[in-house]
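Let me begin by handing over the structure; questions about it come next.
In this document, chain identifiers A, B, C and D correspond to the written order of the chains, with residue numbering beginning at 1 in each.
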Amino acid sequence: MTKRLIYGLISLSVLLAGCATIDTASKNSRLDVIKNRGVLRCGVSGKIPGFSFLDGDGQYKGLDVDICKAMAAAFIGDPTKVQYRPLTAPERFTALKTGEIDLLSRNTTFNLSRDAYQGNGLTFAPIVFHDGQGFMVKKQSRIEKINQLKNSDICVGSGTTTEQNLNDEFQRLGMAYRPIKYQDLNQVIAGYLQGRCKAMTSDKSQLAAARSSFSNPNEHLILNKTISKEPLAPASIGGDQRLSDAMRWVIFALFRAEELGINQNNIYEKLNEAKTNQNLSSLRRFLGVDGEIGQKLGLPNDFVVRIIRSTGNYAEIYERHLGPNSNVHIPRGQNNSYLNGGLLISPPFK
Amino acid sequence: MRIPKSFLYQLIIAFIISCILGVLFNNLIVNLIRTGIGINFKWLMRPAGFALAETSLPYKPSDTYAWALFIGWINSLKVILFSLILATLLGIIAGTARSSSNLLVKSISSLYVALIRQIPLLLQLFFWYFVAFLSLPNTPLEPIGKLLSLSNQSLRIAGVNISVEFCALLIGLTIFTGASIAEVVRGGLNSVNRGQWESFRSLGLNERLGLIHIIIPQSLPAIIPGLTSQYLNLAKNSTLAIAVGYADIYAVSDTTITQTGRAIEGFIILLASFLVLNLLITGSMNILNKLVMRIK
Amino acid sequence: MKFIKKNLNLFSLKRWIRNKPVDFIVTMFLMLLILWVATLIVSWFILEANWNVVSDNLDLYAIGSYPADQKWRPMIWMLSLSTLTIITLTWRRKGILQKSLPWIWILMLPSGLVLMAGGPGLIPVASHKWGGLALTLILALSSAFIAMPLGILLALGRRSKLAIIKYSCGIYIDSMRSVPLIAILFFGQLLIPLFLPVEFDINRVVRAILAFAVFAAAYVAEDVRGGLQAIPKTQVEAAEALGLNPKQIAILIMLPQALRTAIPALTNQAIGLLQNTSLMAILGLVELLGISRSLLANPNFMGRYLEVYVWIAAVYWLICTSMALLARRLEQELDPNILTIKSNEISN
Amino acid sequence: MKSVIKAKGVVKTFQGGKKALDEVSLEVGKGEVTVIMGPSGSGKSTLIRTFNGLESIDEGIIEVLGVELDSYHDERKVMRIRRRVGMVFQQFNLFPHLSIIDNITIAPIKVQKRNKEEVASKAFQLLAQMGIAEHAMKFPSQLSGGEQQRVAIARALAMEPELILFDEPTSALDPERVKEVLDAMKQLANNGMTMVVVTHEIGFAREVADKVVFMDEGKIVEISAPEDFFSHAQNERSRRFLNQMM
């Protein structure tokens, strides 16, 4: 009896020790994990109209969501193979680090400490939306400048760069204020609308989105002053070059397609044109007829075609979710191709 | 040599437990190295960089994370203490009302308990904050002159300003906990022998005097343990402050964790601060219990 | 007749005011208060309330973003749950139906999981698409299902004569009980992956269920322990005298009695567990409360808080109250006094 | 002789329809000792409890010390009666959280608003009379059953009642403790106290009672002097009961 027990103990301990050391350093790229799994896990907010939002039919929609779809189209070949994980601001980075999600496409501001190795240690894809933080007030309050917000209550989402920017700005101006912090943007909006705060602060795109959903948008004013740069970009965990490269070029492909005037409607036309006309070498490379741009990234050679087929180019995505005919109308402004005076530009696909 | 069987069993179990813990710990270390999170507490001394709306002690954003967390803890303590007192009063009233001879009083208190205990606290908090308090007018109401003024930003009683976040949390916790305390009180009163009621009645004591001098003192030994666990629940439930934007310890830890990415350390601090809160509550209830026993 | 006369006497106002002035004032005050509140509520219902936010989204409340073409699966499950509840509460006739009720109840959880997740002949539906009331029920039922046996083991463990078992169970129970649930859930959602091997992924819903279960188990353990303590020592002595071994005593003598005594406390735990699933709304699952919050963010329904809150409060209230009623029914079934009455009836 | 209790046509129905008292009429004179006997469930305890309003009645009238109670359970009248009527219970019902002296003084101080010192010295006197003065500072749980019941009698006496109701005062006592309580009661009776006693103690009834009331199934079956009752009870049911008892 005793003997058997001791044997049992020994074998058990060996087993457990084995468990403990298994897989301590798999150096596989996350990109392979995604491909093998056949599903992309994409962290989104799920609560911001125009960016990622649960629609009436129970589907996520928005710019951030389309980015996820483009990624899935490129990595897996099917834009529907995405699991969306709605994440709150506090949990998004941990979710990324622990591998719960493959990439984050959730209104995340690209800044140094989030990017740096000693900071949050992420890697950012190109900026998909240039935003800046602003304030919204009620017109009847007659406030037109931030200075007039001295000693006021200001509604803000907790744990975001928004909160830090607010603090920096008011400290710079030497003004006191009381931050009323909520867990998510909807509560911030609710608090503001119900008059808990004189002003709410958030990225201007979100202010505009929120205002457009109000019953009388004209009663609210978004102050001109932008207190911060908020370049929003998808992110992945740092140190995984294959994944981050692939993500970077998926985004660039969206920009480049706009520059080239390739969209969901004419993609096959363009593809045929490229296939038949040997002289269009840059187009041929871009659409994967020639060269091996895809292979270099570990993606199918025609990944651009797959993306455009599924989501269209950047302009189409923007129109769909933030254009004049959408619920949330935000003028393109900086978020236009450099060809039209905006900030979006793609390096060459060479 | 014969080893006692029970000793062997214990050895095995100790081994299994330590193995499980070991594996978990090993995984943690591996993951920490892999993701570069690491564990240290040096960041506690760095400036927090966020403001807090509710501060009982002087605080500015350039103060350290440690101080910000402490302010959050004090805020928790404040809301727990006040709702503890109010919930106890409410619970005693509602609990005794359920053995009232007045049918209306009795049914109102039964309705209160049956309604409140079957609806999630979080939902109730949302109601109190977003529906009840934020619907107050923007310009202060002053129903009884300057003494009390009410608006959707703050409540002002005799010159003391209280934020609506605090009020909503206080009322939500009080009403929710009050219903549970009412049940505890009712159970305590029922635990007193019927003969005691007849006995004081036949001596000519009226119901009020009888409750105060005869029934309640005897029901205390049955009430106090239940009360203690309700107080502990209250303390734990106060973390739902986060839903109504009140800066309690959980909310501050949450912000801290987001800003620093120090999830594990933040979690450890949160646990430690709750340990202290629990010790405070159980400690003072033990003292109370001893007092009651001595009186008895 | 006598009864009416007595009550008419009671309502003789003069006598009332003269004999119990305080009672009279309190009653009148409360009446006015009730009248006022009732007027407010009724006028809100008639004049202000706009129930579109509820009626347009019934599907979302029920199942969240579950695929529309598969929505019959959770719907059937919830429908059978409610039918079963009604049958259990009303059907008093003895027969096959009543005898099979416990088994049907036990089958509800696995059948719910199969229907929701997919299985033989059903398309798999990933758990991140679950939502609404269906998710609330799955969360509560599954975690209760895990917490019960775990809690019983912990309770027995805490009474063990072996010091290590006793103290490790004790430490587990006491530390779990001293931590706020939201912290455990936060831990479950964010930090559990850190304690697992790399790439070892458990999905969010399962993690939430596990977090609820380990939390609730500690409370179940204390309730069961309370039940165990209520058993007179003589019961154990009698069992020992009959030559039963400790395991048999625990399973055959102690647990049945302890669990019966603990039913009211356990019911409160179960109701608490169901209510607590609403905390997942803060942590990003779209269960009943979470879906309501998402809806309130929808531009079409912005600001309709009261309607949404009243509606889901009613849903929660209905569920929790039926749970309480079911538990009372179970208690009656297991009441030894009623059992003896039944056997008397038979012998008569 | 002036009557202390005058009950007329008292009916009491419990929930579920069982008639506990069925047209009961009884008169108790001042200074009289009335013993109520009967099998268990006969309604004797219910009857005695209606005398100080612990039970309400459905029909009839009870006049206690000039205060009338009827089916409308008038709290104020009940309180007026209770202040002047003492009661001793089967289970003693001492207040376990109060010392013996506090048990005795609480009602005189709180209800009659009497002076504390005066009440305390009266209490000691009563305890001495009951032969338990040395226990004054103890708590009920430290006393034997017989001692507790004597404290309960002293507690009732401290209110200086005009009538004391005894509800089976010796039934919960060990046999060897019964005598000390009965002795105390006899002493009271000899001092001219009006008493209504529900008991099975035939010896006590024979020796002390002025009249014996026999009840069965909620009705008063027989009222007679003790010597008549115990030697030749008129009623068949009384005889059967007595046969069982003796």
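Methods note: a contact is a pair of C-beta atoms (placed from the backbone, for glycine too) under 8 Å apart; a residue touches a chain by one contact, two chains touch by 3 or more.
Quick caveat: nothing in here was measured; it's all calculated off a predicted structure.
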Notebook entry, point to check: Where the centre means the average of the CA atoms, what chain is farthest from chain A?
Noted result: D
Next item on the list: Find the geometric centre of each of chain A and chain D from their Cα atoms only, then give the gap between the two centres in Å, rounded to an integer.
Entry: 86
Check: Which integer distance in Å separates the CA centroid of chain B from that of chain C?
Finding: 21
Next item on the list: Quick one: report the Å distance separating chain A from chain B, using the average Cα coordinate of each chain.
Entry: 38
Note to self: Rounded to a whole Å, what is the gap between the Cα centroids of chain B and chain D?
What the structure shows: 50
Note to self: Two or more other chains touching the same residue: where does that happen in chain C?
What the structure shows: 190-191, 193-194, 197-198, 282, 305
Item checked: chain B, residues touching no fewer than two other chains -> 27, 30-31, 34, 37, 130, 242-243, 263
Check: Do you know which chain D residues sit against two or more other chains?
Finding: none
Margin query: Following the definition at the start, I'd like every touching pair of chains, please.
Written below: A-B, A-C, B-C, B-D, C-D
Checklist line | Parts of chain D lying in touch with chain C, wherever the complex brings them together | finding: 58-59, 71-72, 74-76
Note to self: Help me check something: in the complex, which residues belonging to chain D touch chain B?
What the structure shows: 49, 52-54, 79, 82-83, 85-87, 89, 91, 93-97, 106-107, 110-112, 155-156, 159, 165
Notebook entry, point to check: Which bits of chain B are touching chain A when the two form their complex?
Noted result: 3, 8, 12, 15-16, 19-20, 22-23, 26-27, 30-31, 34-37, 49-53, 61, 130, 134-135, 138, 152-153, 164-165, 242-243, 245, 247, 251, 254-255, 257-259, 261, 263
Check: Within the complex, which stretch of chain C touches chain B?
Finding: 23, 26-27, 30-31, 34, 161-165, 168, 177-183, 186-187, 190-191, 193-198, 271, 275-276, 278-279, 281-282, 289, 305-306, 309, 312-313, 316-317, 320-321, 324
Next item on the list: Going by the contact rule at the top, pick out the chain A residues touching chain B in the complex.
Entry: 2, 5, 9, 12-13, 16, 19-21, 24-25, 89-90, 93-94, 97-98, 117, 120-121, 153, 158-160, 163-164, 166-168, 170-171, 177-183, 187, 190-191, 194-196, 237-238
